[in-house]
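We just call them A, B and C in the order they show up, numbering each chain from 1.
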Amino acid sequence: MKAELFLAALLLATIASLSAPAAARERPDAAELLVAALSSPATGYEAQGRIQSFAPGRKPRALGMTVYFLPDGRLRREVRASPRKPAEQVYIEDGGRRELYWPALATAWKGTVTHESAADRAARLLALYSVSVSTGGRVVKRATWRLDLRGPDGVLRRAYWVDRAEGLLLKCEEYRPDGSLLRRERLTALGAARPDQGLFRLDLPPDTPVASLTAPRGAAVPGAGFPRWIPDGFLALESRTEDSGRSYVVGYGDGVETFELRQTLGAKPDGGETSGRTVRLKNGGRGVLGREADGSRLTFQAGGRAYAISGEIPEDEMMRVADSLATP
Amino acid sequence: MTDDEEKLTDYFDGRMAPAEKAAFEARLAAEPALERRLRLLRAMRASLKAGAPAMPADLKASLKRQARERASRPRVSWLESLRAALGPGLGCGVGAAFVAALLAVAVKLALPRRHAADPAAAEWKDDAAAAGLKGLWIDDDGRDSDEG
Amino acid sequence: MLERDALERFVDEFGDHAYSFAFSLCGNEDDAKELVQKAFVKIFDKAASYDASQSLESWYMTVLKNLFLDWKRSWDRKHKVSLDEPTDYDGLTVADSVPDEREEALLDRLERAEEVRNVHRALSRLTKESRAVLTMIDVNGMGYEDAARALGWPLGTVRSRVSRARASLRTRLLAMGVTA
């Protein structure tokens, strides 16, 4: 689950111990509400959440998470099928480091943190989508505003349910470009807590092999670029070269969704330019974002290479992957 | 595209509303040129179908052989069939831990990867992680259990 | 997961349709075989994750999608132009009002199945979009919705392109002097 969703639980936990929630205000400004929803709260907490994944041709699938958070930005996320089951993966963010330990595979993955301010994250979303506010239902017993983010074609891409009293993100839904539901993430329980410091350390058994969180362990093309950020829960699962070594493809997955990062030395990305709309990367470079099959495709150039990101992750996440590549 | 061509398309592909259909059929009975166009569409379709190339026998045989190989490949499919054998009632909680344990065994057994020895293909796959990630997710009804 | 023989049944049931679609895109047997091979192998690899309660038909859709995307990529690479560029008509302008006798003669020969090869020859000269959509709808009997999903086009686009494709095919056949 995305970090910001769990940040919501922080203040909710605090509020739970306070008096009755503030009465709903008049409808807030959509952009301001978006920034508030993506902002970090200020106290420690523990929360449970659930992610549901939807795709045509298969039943929905879900997984559960427990998250512990400290206001200095430290985060511990445990993935488990349901709250009663033992954790299967443990993920820690501590200062600039990120680590994932998966006991069953006796392997750890490490990377660096690339934080984005709420304002930057909101700016990326607002550059891609138009945002509007409406009345939301109740989530975790809180009254909410609902933020709808729509693409230029008017199709809903993301919906956020934001707690009215404190502007916290409680639930979000992601949609494919064709409007079908891709994923829903929501809090299911939360509580005020002062998580123990020890929770934010991973004590790996000696000789645990360590891999990169965002780059494949397999054969790489010399000089290949890798993203510093990929969506939560994803790992590099395969890599290959195509076109007699001209193109290098890395496949990422999280168990239900996949996306590919393809890079080609030279002018054009393998597969040609995407037809779609022009978007601006953080470094000022230009990209083209369009639809491909059930998902999206983003093509852009960086460092003398042409890149294409394609798959089922939301467009703004593709942009964020691209931004983490383009920056040297 | 003329209006008649549009109507012919809709009628021919079975996408015309019933009310419109009746009116169009009346026109077909009364206008030979229109009816001829419809017959032309039918005849072209029949010829297209008749002459469509069939999958060459060698390709079909090769694909079926590969299908058989995949179906009997132990690395992923016996894990999956194990999960299936655990039964729907157990859900993923127990199953996932069991599968995870099996994965650990698989990793230790270091089953050979498909293109490990072929540098030209430069292929790499993390089958254990892929299967493990898949196993983290359990079947769900997909409902949103919020109030309102 | 699909049972053992389901993958083989899948090849039997949908192989011809998939191949005719691939052939309509590539125009030759070698490329079509390679395209089909790649698409099917991708599906075989994903077989373990397949939900057996879904129909093989929807699985087949994925094969076609992969086929089309792979073909698009290699085509774009060779021609350095995106397939999504809007294309014009097939280049023939024939007055819409063709003498009745010519159409009658064409219809006569078509209905007697005498022009099957010429029809396919004419098909091969249409634009790639026309060939793709005609193969899906007329040869393989797919519905608009499935074709739209496989090709990544809006429904309205499927409808207009299939209509134009049939008009172009008819025009080509008339121009080829099929009417003798």
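Miscellaneous remarks
Assume a contact is a pair of C-beta atoms (placed from the backbone, for glycine too) under 8 Å apart; a residue touches a chain by one contact, two chains touch by 3 or more.
Given the structure is predicted, the values throughout are model-derived calculations rather than measurements.
A comparison of C-alpha centroids places B closest to the centre of the full protein. Note on interfaces A-C and B-C: more C-beta pairs are in contact across B-C. If each chain is reduced to the centroid of its CA atoms, chain A and chain B end up 28 Å from each other.
The mean-CA centres of chain A and chain C are about 38 angstrom from one another, to the nearest whole unit.
Between the Cα centres of chain B and chain C there is a gap of 17 Å.
Residue positions 49 of chain C each touch two or more of the other chains. Residue positions of chain B touching 2 or more other chains: 134. The set of chain A residues touching two or more other chains comprises 59. Those residues of chain A lying in contact with chain C across their complex are 56-59, 243, 268, 270-275, 290-294. Remark: chain B residues 91-93, 96-97, 100-101, 103-104, 107, 119, 121-126, 128-130, 132-142, 144, 146-148 touch chain A in the complex. For chain A in complex with chain B, the residues that touch the partner chain are 52-54, 59-63, 79, 81-82, 84-86, 88-89, 102-107, 137-141, 171, 184, 186, 216-219, 221, 233, 235-241, 245, 248, 253-256.
Across the complex, chain C is touched by residues 1-2, 5-6, 8-10, 13, 15, 33, 36-37, 39-41, 43-56, 59-60, 62-64, 66-68, 70-72, 76-77, 80-81, 84, 131, 134 of chain B. By the touch rule above, chain C contacts chain A in their complex via residues 49-51, 53-54, 58-59, 62, 65, 69, 72-73, 76-77, 80-85, 149, 152.
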